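Data block below; observations after.
Letters A, B, C and D mark the chains in the order given here, with residues in each chain numbered from 1 onward.
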Amino acid sequence: ELGSFDKDINKIMPEYVKSFQFENSLLPSTWIVVRIDGCHFHRFSDVHEFEKPNDELALNLMNSAAVAVVEEFNDIIFSYGVSDEYSFVLKKDSWLYERHASQLVSAIVSLFTSMYVLKWKDYFPHKELKYQPYFDARAVCYPSSDILQDYLAWRQVDCHINNQYNTSFWMLVKSGKSKSEAQKCLKGTFAKEKNELLASQFSIDYNTMPVMFRLGSSVFWDKEEKMVDEAEVAGKFRKKIVVEHCNIIEKSFWKEHYHILE
Amino acid sequence: ELGSFDKDINKIMPEYVKSFQFENSLLPSTWIVVRIDGCHFHRFSDVHEFEKPNDELALNLMNSAAVAVVEEFNDIIFSYGVSDEYSFVLKKDSWLYERHASQLVSAIVSLFTSMYVLKWKDYFPHKELKYQPYFDARAVCYPSSDILQDYLAWRQVDCHINNQYNTSFWMLVKSGKSKSEAQKCLKGTFAKEKNELLASQFSIDYNTMPVMFRLGSSVFWDKEEKMVDEAEVAGKFRKKIVVEHCNIIEKSFWKEHYHILE
Amino acid sequence: ELGSFDKDINKIMPEYVKSFQFENSLLPSTWIVVRIDGCHFHRFSDVHEFEKPNDELALNLMNSAAVAVVEEFNDIIFSYGVSDEYSFVLKKDSWLYERHASQLVSAIVSLFTSMYVLKWKDYFPHKELKYQPYFDARAVCYPSSDILQDYLAWRQVDCHINNQYNTSFWMLVKSGKSKSEAQKCLKGTFAKEKNELLASQFSIDYNTMPVMFRLGSSVFWDKEEKMVDEAEVAGKFRKKIVVEHCNIIEKSFWKEHYHILE
Amino acid sequence: ELGSFDKDINKIMPEYVKSFQFENSLLPSTWIVVRIDGCHFHRFSDVHEFEKPNDELALNLMNSAAVAVVEEFNDIIFSYGVSDEYSFVLKKDSWLYERHASQLVSAIVSLFTSMYVLKWKDYFPHKELKYQPYFDARAVCYPSSDILQDYLAWRQVDCHINNQYNTSFWMLVKSGKSKSEAQKCLKGTFAKEKNELLASQFSIDYNTMPVMFRLGSSVFWDKEEKMVDEAEVAGKFRKKIVVEHCNIIEKSFWKEHYHILE
């Protein structure tokens, strides 16, 4: 019933229609960061009654989705997540999807989302997933490993600042203050003051709170212990994906894990 | 434990780190098409034993994910799907995500994926989702409704050509031919010859096969019948999302549904 | 003396080095406008003692450079200039330089500059060109002829507003006011008030001032009178480039010259 | 006579018209190379009877235009020219024109062209400039100084290969061969064979030919001798622009002139 039309269109049109396609190719030899962010996750976490200010299970679910992404795309050499965001770092010389921004961004965000929904029941066996969560994403290039490390440090500092604020905020709310009263209390306070407030009013030592809340999560391929009894050649290591909550602002982390940015 | 570092970085670094971000803004006043495609869906459909050449349930699942996308983003005025791909058309004057390509592409593909996984059990209650499916996506702009219609016609012609080929191919395989024999049989044949092969060897009238397989699926907001008894003002209609399998190559479709591209 | 190096580099490096090149291709089937602007022309016009607020010879030189650009690039169907800026419109379906932004922009601005310097002595036979003038340029796409006309109208409205202001400003300065006094005088005044000021204080009827100053210059291919005695077929016209100072805000111009945007 | 129209358009339209503008911003912290190329210079050099294969005066004119560009834009730290092309390197952290590709490319090519035309009579006092030359240009980013050096080495290798070919070609032509015979002679020959041909048939030692022809021209800010009698502080140098014909493939050049890429 498409009649002769398909022959005609097949001969001439596709080239013209395709000429409108364009590729935004990311500069070669630069570190690509794809950062995904939850869309409307404020509402999503309310509806699904996530614990405030941090829901450990929800964070573990994010981490597990990130592990799946790191497993699937070999060119991802590091990833860092906090709250409802995750940054994936592709190695400098990756040619994944020919470095086309749209495809990199879409494939990574889609796989992450897929895993998030698929694994939901593992982390929340007694909580129904009431509607579909989704994320948006963007790509950024960093031309040197120094600036890349600055980028990651920036995300971890953000994690720290937000967590300190949110912890103080929710403690005040749970102690009976209204949300706007709690906001007023914290307005303009410095890190030190928030720590003192937590200590004096709530007997909380901020530095003893769970490290995942304070430092976020890093997912990367690490070197496993050398297994001598499996007759491995000395100096050879097996690699496995690890989820750690370490200080990535300090240069010592990058020195110790020098293989990541090599 | 982040010490004085966070204050320092907070004062100077973020602006520098952020200066590397860029936005690929799509030209205003053009129709944006976001097309998603299944990644490695050949394997995915094998592992999940989809029927060949068309699995009705799998297509319905795609359509249901598309409906969720059309529902969420009001600026999507039409979408068309076939096999493991779906094209979403945003209205010409949309400012969704400020027309930033990465965000449009990622949000749409993420929501689609989320819904696909979430609804899996509704369409395949007896089939476990064995691993996470994912899609990639890209955006294209079309500066006029004529070229937009050409684009959609191109996708439908592709649907037709592929379906005719696949139907013939799988009938040959099911009748005992090897895959490479079937390929050889069909090499260089025209539409008419494939139809004749289906008719003579397998007593199949191609034109009576399910219309979803031959024409793909269109998802859009249609005007509902006027409901007089609800005392609506004459000329007013309620709109609802429909899934139809219609010929969108013919201009008559667009005339009849003139409100879509208005 | 380049030794064996050249063989090596020739074998491997160029592809890698070239992989960093990128093209910013402009969306097909849209009107491309390349607008050039004088760099530091305030100083340039001071040093070369251009008449204020408008130097007829300098404007004629700009127009003559524009004519050369229109002559060289057949795909330019219209251009509009005012002061030290000029906009060149390429036809919608142009594939000049494969629609690569950098090349379009650079070739046009370079040819314009070349002509400006080359023709200087024709317009200023007694004035030495004391140093090299230069221009920058950018490309913009417009997806419909309506928006293209809006763009051109915008430039002509700008011309009008600036000319009215500059005419008033320089009359005040020539009458003895300091530049800052003149500025103060005009601050916040409307078109009508400026016209009244010119009329009452300086006996100038703004609307009788040279039309090139008030409306800018349009350069385009026009249809010449049919030349019957050259035995041309009826209905055929020769085309020639014209420089006109017409109202391009009014739609009547575009109706009369319908062939320009065809 | 623009009536009330200008008020209306001024209130609403410019923002809309301007929304179509876009900027292609080049990645920060990368070396920007703007390379200009003569358009139709084959014809231009024929019409102006440039000497083959190298016209010393024409090359000097190119160099003098390049010096003007390097003088005007402080962020250009090196430039390299050969034949009718010139590459300008901006320092890594330049924010010239906010790193907008179109503006960088257009301003540099325009200034270069302007100077080329303006200085013509200084280099060719007895040769009229018969028509306007022009150049196109493009920008490329290099994320490290190593790749930048590879880029420049690539251009110099190209200079070498082309010069060796052209020298041999024109010697054959001048000796009586037709152009196509000369081409055939040289097809598939290696560097060494061309040198032997030049030596045996024309008694030319390639390596004693003018260094500008063999190595192209580098224009950059060099450190001047310390002037003790002007009472300068020890260790301070004045900088001046130099035009040199040096081997920039060798790393030794970059070590000696370490300040260029600092």
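Definition applied: a contact is a pair of C-beta atoms (placed from the backbone, for glycine too) under 8 Å apart; a residue touches a chain by one contact, two chains touch by 3 or more.
In this text the structure is predicted, and so the values were computed from the model without any measurement.
Taken together, chain B and chain C share the touching chains A, D.
Under the touch definition stated at the top, chain C and chain D share these contacting partners: A, B. Across B-D and A-B, it is A-B that has more C-beta pairs touching. Interface residue usage between chain A and chain D, two copies of one sequence, is largely shared: over half of the residue numbers at the contact are used by both copies.
Relative to chain B, the most remote chain by averaged C-alpha coordinates is D. One finds 49 Å separating the Cα centroids of chain B and chain D. Centre-to-centre separation of chain A and chain D, using mean CA positions: 45 Å.
Here the spacing of chain A and chain B, counted between their Cα centres, is 28 Å. Among all residues of chain C, those that touch two or more other chains are 20, 22, 27-29, 141, 147. Chain contacts in this assembly form a complete graph, since each chain touches every other chain. By the touch criterion given at the top, residues 27-30, 141, 143-144, 147 of chain C touch chain B in their complex. Interface residues of chain A, counted against chain B in their complex, comprise 1-2, 5-7, 9-10, 13-14, 16-17, 20-22, 24, 36, 39, 68, 97, 100-103, 105-107, 109-118, 129, 132-142, 147, 150-151, 153-154, 156-157, 160-161, 191, 207, 214, 247, 249. Every residue of chain B that touches chain D in the complex is listed here, in rising order: 19-20, 22, 25, 27-29.
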